[in-house]
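Below are two complexes that have chain A in common, paired first with chain B and then with chain C.
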Partner chain A sequence: MRRHRVLERLLVVPTAAWTLVFFVAPLVLITVFSFGSENLVTFRISFGWTASNYSAFSGSLYLATLLRSLGLSLGTTLGCALLGLPLAYFITRQRPGIQRLLLAGVIVPFWTSFLVRTYSWVNLLQSQGPIDRLAHGLTGHHVEVLYTPTSIAIGIVYSYLPLMVLPIYVALERVNPDLYDAAADLGARPWRQFRRVVLPLARPGLIAGIIIVGVPAMGEYVIPEILGGGKTLMIGNIIVNEFLDVGNYPFGSALAVSLMVVLMILLFALRRVQPAFEAR
Partner chain B sequence: MIRRHPVVGAIALVVIGYLWIPILAVAVNSFNRSSLMVRWGGSTAHWYSLAFHDHNVRTGLITTLEIALGSTALSLVIAVSGSLWWRRAPARARAIYDALVYARIVLPEVVFATALFFLFFKAHFPLGIVAIIIGHSVWNSAYAAVIIQARLTGLDPAIEEAAADLGATPWRVFRRVTFAALLPAIIASGLLTFTFSFDDVVTSYFLGGPASSPLPLVLFGMIRFRITPEINAIGVMVMLFTVTLMGAAVAVFALMGSARRGRRGAFAEFYGQ
Partner chain C sequence: MAGVSDNTGDGALSRRALLRQGAALGLGLPPAVALLDACGGSSSGGTSPKNSIAGTAVMSNYPSWMGAHVIAEFERQHPGSKIRQITSASSSIAGTVQQLRSGTYDFALADASATGQAVAVGIVAPLDWSKIPNIKFVSQSFRSGFPHGIPTDYGKVGIGYRPDLVGEKISSWHDVWRLAPKFSGKVVFIDIDRDCMGSTLKYLGFSANSAVPSQLSACKDALVSIKPHLQAFLNTNVGQGLQDGSTVIAMDWDYDVALNKQKQPKIEWVFPSEGMVAYIEGWIAVKSSPRLPLVETFMNYALEPRQYADFVNTTGTAYVEPAATAFVAKSIADNPVLRPGHAIADVEYEHFLGQATALWTNIWQEVKAA
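Up next, the complex of A and B:
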């Protein structure tokens, strides 16, 4: 029995070894190198990180890109929530058979190739493309949004939307529908029902969705590369560029670490917000 | 009642359309004779035959399959052994383990791939297929762990104790009770991790080096440098392949899982709800 216990403890070895060597160690390594002062380049970076040099850093392309990434991440997360919440709610109010069909309608696009899904928007949004011609026919104005932040936002919302719908669906699916009827019987109008009943019940799923959409979206590389056309960049593109094209590893590390720090701050903020919501 | 509220229903249908129209457009354009793809120029299977005979696509596919198989096998070993340990682990060790699983899923891939690339660079570890397999297994093992753990929490230890009381050796208990109960989750997470690996761009881009180009990187290069309907044809084939695999994953989970859990499918399980 004792030997059995020892063997059971040994089960942790593969996952611990793998995670420490190939996940924790590399992250520690780039953090150290981003602050290191071995050579001139590294020294300059750690210099740029201090608060006194903040103004020098803020004028740079990098801070602007970091802020644009933050803006795009927040905006697309909000977009996913605005589209995902009504859809998830709508699905939970259907009969089980239709629920399953609609869920498949949300999940199956998510299973298809991420690259192809992003690329499909190049065709749709191109000048003289279907959306442009439709808009021109209806309003007389051309819609030329390809290779702008707008097209990146469309692509991100499109790709990440299922990740928002599913947790909200899971949260709302457990709700007894009588609750909604009770709210209606007691005289709540639809908007009030939504605000006072649906939204609080969906909150745990909504917060899970915000994390699972907002964090990876912030570091998105492929979508801005394809739909930004090399003109509009996010921080992920600059990190890749510094590493694979410029070869300035310490500076690339500093950018990657700063992205990680921003995300950690956001996650901690969300964790502080969540209990406050639940206490109400 | 807002069940029939027209605004909610209208938004829902528009959103479903938003999710499907681009995919249908890719499928339609893969048969489009016009290579500018601005309007319909009659149908052709030319792009499919072009894709079929494309040397880069073929070698890319083989590389991708090797990587996906390798990283799936590794991820399953890591996730199954880790989850079995997790079940009996002390609370504090569990919390650290959970945090690391969560971090591997949530951390932007760019940051992780950069860091691992830098480690391999410093350690003089050669880039290529093996490096990609290691990279994929880091996040894939986290996804597999979430699914397998969800299944493990539903397994009553009393069943294993009963088997042991009835004289089964520990190995036999593991094989006939624990492993048998985990099998649906193992198959489902294996298919899921295979698909993620099959679809990956960023980690492969960093760790592949100049010599190895899996299919997504071949496709990525084509998208960036020359837009042709051949991309649509490859895309349709890739999509059919991954959808089949993921469909199989959910079917396995639904058929072999408990009725209650199976109905919601593997993805609800994935969120641990």
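Up next, the complex of A and C:
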């Protein structure tokens, strides 16, 4: 019995070591760096345990950028949820063969390079591009959204949508279809059925999707860089800039830690709301 | 990048450098060189490990930023010597320094700003110019602008525009700011602080290397005022929209305008009356490299006019070696965009900003966030 327990614990060692080395240690390192200061000419870092990096973060530039990132993250997460929930529900209502086909349709874009997919939106959204020409043909008006916050939002929703669809699908796929029939038999029309049956049952998947989409969307920097035309600064772009362009590791670390703290507060808030959400 | 225990910047031998040098001395040298050493070497006094050019020097470079035949020819003429490129050169200052400190490279492509920073950090090897006599072929102005290595190319930041769509002649940065509201959404600027802010400082009549806070503040105001009319800040394919007219005015590099002009002859290049800012790029040697003799020999070889012309013909860049003109393709040598003649005297070259780098960064971020 004891030998079994030892073996069980040994099984955890590789995962624990991996987490310690590649997750906990970098986290500690970044936190330590965030209290340091750097000579930007010689790139020498000294650790005087200063909080100056955090006080610099409270400047209007960084707070405004953080709020912009938060707004875009919330907006795009909502967009993913609005598109992902009906799509996941639709997939679960199909025959198994069709379900597999539709799921493949959701997943297949992941097989293509993220950069290629994002750059393809530049071609789609640019002036005289397919979307602009289609809109002009239909309405007589040009649609020029490339290099605007709208194009960033489109890019994020497109890229993260599968991350919303899959957990919701998993949640709904386990639901006994008889429940939907029972609701219909009891007189629930489709919208009421969706609101009173589908939505409550999809909540665990929906909440998982919100976390999976919302957290990385908050720190997203590649999509704003490519589709934002360098005009919309996000907190992720500032962090990357501090690390790769300026080389100010302490300040970049302070920004990263601050972003993590904000996300943790949001996640704790979500966890507190979740039980009440589930009980309804 | 900036690990506190990394002492390479002080000239102290790090463990990594020690291992690399040990490997070079003990294992890396070809048997022929070892034999020469044992026999007393050649008439030039022997090829001691210190002065040997045998082995492989690793270079950090941009993709395709090398003459098509230069390395092959060099290796053919210098048996036992090899040049290996890793085409991941960073365009940022911190990125370049980070690469140079990695211990992977013997020499690297870098611009004057990044080189200045690398010198301040203490990771650039001083070159023995007696081993690079071909530096005499490079114009003095470029040697002065890039003193810590061999200058290879430069790029001016000017204006590309479509006269047929704008309907009037543009001759200055002032014209760009004046016309931007009229062509709102069809103007693009470069997304690199040194080039974009440098050009804006020229527009305002200041030095493109200014470190004066009030001047940089004025620069920010000017950029914030024009930003609502910009289609984008771009760092690749800046002038591509000039081809189809989706962009009518672009703050752009000379080579990019020259390239787009080949596809759309209606594009015109403007040397702004307020002046231009330009970057200088070149090769620098890494202090911790055990292959400095090989690096210097290759640098000297690459500066031979024929070899240098191969580089220019391959890349299409503006060039720094007048002696190579005879071997440079006419389309480049006679291109007024790439070779501005006397106007080159009004070009201000970017140099390392030192402590002011942080101020530039802050202002650039404020512009982007506005």
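By definition in this document, the second predicted complex is superposed on the first by the 233 of 280 C-alpha atoms of A that agree within 3 Å, B and C clash if a C-alpha of one lies under 4 Å from a C-alpha of the other, contacts with A are read in each partner's own complex, and residues count from 1 in each chain.
The rule we apply is simple: a contact is a pair of C-beta atoms (placed from the backbone, for glycine too) under 8 Å apart; a residue touches a chain by one contact, two chains touch by 3 or more.
Here the structure is a predicted model, which is why all the values come from computation and not from measurement.
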item	value
Residue contacts with chain A in the superposition, chain B compared against chain C	B
Chain B versus chain C as contact partner of A:M260, first or second or both or neither	first
First, second, both or neither for A:L74, with chain B first and chain C second	neither
First, second, both or neither for A:L63, with chain B first and chain C second	neither
Which of chain B and chain C A:Y249 touches, first, second, both or neither	both
Touched partner set for A:V143, first chain B, second chain C, both or neither	neither
Contacts of A:Q126 with chain B and chain C, given as first, second, both or neither	both
Partner chain in contact with A:L103 - chain B first, chain C second, else both or neither	first
Chain A positions touched by chain B in one structure and by chain C in the second	126, 128, 243-244, 249
Interface residues, chain A side, partner chain B - complex	4, 8-9, 11-16, 18-19, 22-27, 29-30, 33, 83-84, 86-87, 89-91, 93, 96, 100, 102-103, 105-109, 111-117, 119-124, 126, 128-130, 158, 161-162, 166-167, 169-171, 173, 180-181, 184, 190, 193-194, 198, 208, 211-212, 215-216, 218-222, 225-226, 236, 239-240, 243-244, 249, 252-253, 256, 259-260, 263, 267
Chain A residues within the chain C interface of the complex	38, 40-47, 61, 64-65, 126-128, 144, 146-147, 229-231, 233, 237-238, 241, 243-249
Contacting residues of chain C [partner chain A, same complex]	1-4, 9, 90, 92-95, 97-98, 117, 120-122, 185, 191, 227, 230-235, 241, 244, 246, 354-355, 357-358, 361-362, 365-366, 368-369
Chain B residues touching chain A - in the complex, by the definition given at the top	1-3, 5, 7-9, 11-12, 15-16, 18-23, 25-26, 29, 37-38, 77-79, 81-82, 84-85, 88-89, 93, 97, 100, 103-104, 106-112, 114-119, 121-122, 134-135, 137-138, 141, 145, 170, 195, 199, 201-202, 205-206, 216, 219-220, 223-224, 227, 231-232, 234-235, 238-239, 242-243, 246-247, 263-265, 267-268, 271, 273
